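As structure tokens, the structure follows; a few thoughts come after it.
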Amino acid sequence: METLRPLRLDRLAGHLGREVDGDGGFEIEGVAALEEAGPKDLSFVRSARYANRLALSRAGAVIAPSGVSVGLRSAIRSDDPTLDFCRAVSWLLPPRAATPGIHSSAVVAGGAQVDPSASIGPGCTIGSGARIGARSLLHAGVSVYSGVTVGSDCVIHSRTVIGEGVVLGDRVVLHPGVVLGADGFGYVGDGAGGLAKVPQLGGVVIEDDVEIGAGSTVDRGSLGDTRIGRGTKVDNLVQIGHNCSIGEQVIIVAQVGLAGSTTVENGAVLLGQAGAVGHLTIGAGAVVGPQAGVHKDVPPGVRVMGSPHRENRRFRRMMGALTHLPELLQRVRALERRAAASTPPVEGGEH
Amino acid sequence: METLRPLRLDRLAGHLGREVDGDGGFEIEGVAALEEAGPKDLSFVRSARYANRLALSRAGAVIAPSGVSVGLRSAIRSDDPTLDFCRAVSWLLPPRAATPGIHSSAVVAGGAQVDPSASIGPGCTIGSGARIGARSLLHAGVSVYSGVTVGSDCVIHSRTVIGEGVVLGDRVVLHPGVVLGADGFGYVGDGAGGLAKVPQLGGVVIEDDVEIGAGSTVDRGSLGDTRIGRGTKVDNLVQIGHNCSIGEQVIIVAQVGLAGSTTVENGAVLLGQAGAVGHLTIGAGAVVGPQAGVHKDVPPGVRVMGSPHRENRRFRRMMGALTHLPELLQRVRALERRAAASTPPVEGGEH
Amino acid sequence: METLRPLRLDRLAGHLGREVDGDGGFEIEGVAALEEAGPKDLSFVRSARYANRLALSRAGAVIAPSGVSVGLRSAIRSDDPTLDFCRAVSWLLPPRAATPGIHSSAVVAGGAQVDPSASIGPGCTIGSGARIGARSLLHAGVSVYSGVTVGSDCVIHSRTVIGEGVVLGDRVVLHPGVVLGADGFGYVGDGAGGLAKVPQLGGVVIEDDVEIGAGSTVDRGSLGDTRIGRGTKVDNLVQIGHNCSIGEQVIIVAQVGLAGSTTVENGAVLLGQAGAVGHLTIGAGAVVGPQAGVHKDVPPGVRVMGSPHRENRRFRRMMGALTHLPELLQRVRALERRAAASTPPVEGGEH
């Protein structure tokens, strides 16, 4: 599917630190999934469960676990074929280096500092005092407000907006339409039937190697900052409220919503459309199920589901029992009838 | 509400293949809902249930079912007034033809092909190798990445981003802020406590007559494509993950989220805020209720609700029973007390 | 955290109509949360519950309720410290007046009227017939379609899209990526297996002092308008369908979705990720819980939770009972065994 300059299989194996099984001289011309690969493509097999798909595939070479038969194909044998395929692709298809420079249609305010190796696309706007680091790439139409810091080797896709005072580390990837640093959502009654806005003066700090999906929003802190820790990955259309503190290597799947001042510790996983009401902590390594509604702290390592959330096993037992509830109602009715029938009328009043 | 060049009612009726009841010479000057229509406007009545609203309306003419009294108004009689009103409006108010040409502030890369009849608005950016078909209209600030194909007669609204290699058919409508072709969300452990990105190299294929609502996101495939079939309609803020395969004439309401590799077959309907966990199939003509959580295949034609989802009738019975649960607890307690009272103490140990 | 030109505490107290406790000559140089404030900063204490945090704070001055000990600090005593802090900040840090004028890279169509005191940022596009009021600020890349009206003193952030015929009142704030006036979502069967689009010809009316969060979408009416009343606040990634009518001072938290023709009366509160199926009314002052699914009218002042929604107390009782359900199943089984054991076999057939 993706074509590349041919590369010998044995050279790739050497790069991965793995052994070749078959013809090391096979020239890789593309990478593809098993179903779509052709005789010049490299593909991969996760485990023996995919043996049937492999048998039907036209792939010329595969990365496969040692136990799995690859027929006449050339193979790289690997303990972790998925990871090695990821590594192979990032080596075979390195991200294109952007052409350094500022497009003539971009508008860079006085006092902004753009590294000469950075690439600023058409229609980008860079506010006063902003700094763009080495080799960072801003696609067309990115809006950078005043005082923003973008680190090195970042990739900022089209139509992203980076609000006042946001700080990005290095190698941060923002997909199209992301909004960082908009005002948080806070109001108090103004004593006259109206609403007064709570000041939203804080910043957003995004650490190194964070990736944020299309259309997601991360609000600036009210006082103090909203933070996303190193290596955390955020999917599309996620809302992260003001003063949230997200740890490192956290996974946040699409359409999750975190109300203000939620703390998510390192390595936690939040599945799609889950929500948290704010001012609580989701512990390290915890897993929050899809559509779960987190209403109080989740201890480290615990898996929860449901809205309101419960520990997984408890939730599953409840849902299993719920399945039997309509019939349980009938069974209780039967017991009541039986009890009524077996009770001598004169004793009825005593109960 | 919308004014137009006057048109005689009988001419419209002829176009719709319907009969006029009353004055065919009535000149239609606008279209509006019953509540807002004036004496020169055309409105419509769905069914006899709206007779009261019609009686109060100032509309000069209506499209109405044959049974319904329209008073002194002129009417077009129709078996399907809603559809005929839709057809009437699209005939009376045809989409404005855009002025062909490329705005001077747009940036079109070398090697991009823009049909001379297409209209490219201010601030649009068109990447290298992209192709824009006949009469397609790109509103201000659309970002088209390299290698994109846009068919004929498409309408792409402001600030939409179309990522690398996305292919649009003909008559596709994208509302503002749509993002097509951002990276899918996939990571694997890198064996060193970090996360390695799974390659996201595939494309997005949007077939003819698809419409996608404001702010929705459709990710590119990992390997292979994400597809949306002919005539499918997607509402606002919907997330469609990588390698999803959406059939034809599917309806996907706002804020639905589909995790990667979800298959949705022709004619299925997904109501607002529903989600699916991915790697499953929602069958042809199935209906997924609002906020439902689809966790395994939904057979064709089946209607499901709830999170986790259940077949509608089962879900309703469960919810009905749940209403009685607090009181059921008390009834069981009463049965237990009665049983305890009726059991001779000496036999207690035997049970 | 935010620095400002120094101001004496007693002058601020006078402005707030409050008394100083301690050194009125204290010069305020910044505002910050208790945890982050330094000796030249003003902070605030909500209530006696924050006394410990205050004791540990380095804040030089605070706004505090009269009962709370502030140590050696200067204080402004207040019945409502949060509100007074909000008022203090908006007085100390007034929104920057934008530089009037139209940036040279903006594209303003013939027939558009831009007040000379308005500020139109780089890359903005203003359609024909649009009007931009006094002192309104459009950040970079805002797209204003034809016939739009923007009132006075509005702040429209980057990459927002304001569709055809939308009308904004005064002091409206739109955060980045908002989309107003995209087509509503309505289709009818076309009698030939396809879908015909229901006309989307109405407008959007946003009254004074409304604030809408990043990435939220408000669709234009089908026939008639979608309305958001004075002073209402909408958080990020909210979807408001066509012909919704939202009252005044309503609070709508992130990721809420309202299907078409939902009415929300004054002062109602909709918490995060809640949804409503449309064509229903959420009464004045009602509170809809997070992730709730509103499927029929909610009376004024009533609080609801759950999907499908129920009145709060009822929902809590149901959820409490649900917790006991697995064990209830066992208890009923025990009762059945006991009943079976106590029933003479010959009578079994009679029941």
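For clarity, chains are labelled A, B and C in written order, and residue numbers in each chain start from 1.
Quick note on the criterion: a residue touches a chain if its C-beta (ideal position, glycine included) is under 8 Å from a C-beta of that chain, and two chains touch if they have at least 3 such contacts.
Everything numeric here is computed off the predicted structure, so don't read it as measured data.
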item	value
Other chains in touch with both chain B and chain C	A
Fraction-based call for chain B against chain A, same above half, different below	different
CA centroid of chain A to CA centroid of chain B, Å	25
Of all residues in chain A, the ones touching two or more other chains	105, 123, 141, 159, 177, 215, 237, 255, 273, 291, 307, 322, 325, 328, 332, 335, 339, 342
Chain B residues touching chain A - in the complex, by the definition given at the top	105, 107, 123, 125, 141, 143, 145, 159, 161, 163, 177, 179, 182-183, 185, 187-191, 193-199, 201-202, 215, 217, 219, 222-224, 237, 239, 241, 255, 257, 259, 273, 275, 277, 291, 293, 295, 307-308, 317-318, 320-322, 324-325, 328, 331-332, 334-335, 337-339, 341-342
Touching residues (chain side chain A, partner chain B) in the complex	1-2, 31-33, 35-36, 80, 82-83, 85-87, 89-90, 93, 103, 105, 121-123, 139-141, 157-159, 173, 175-177, 209, 211, 213-215, 231, 233, 235-237, 249, 251, 253-255, 271-273, 290-291, 307, 319, 322-323, 325-326, 328-329, 332, 335-336, 339, 342-343, 351
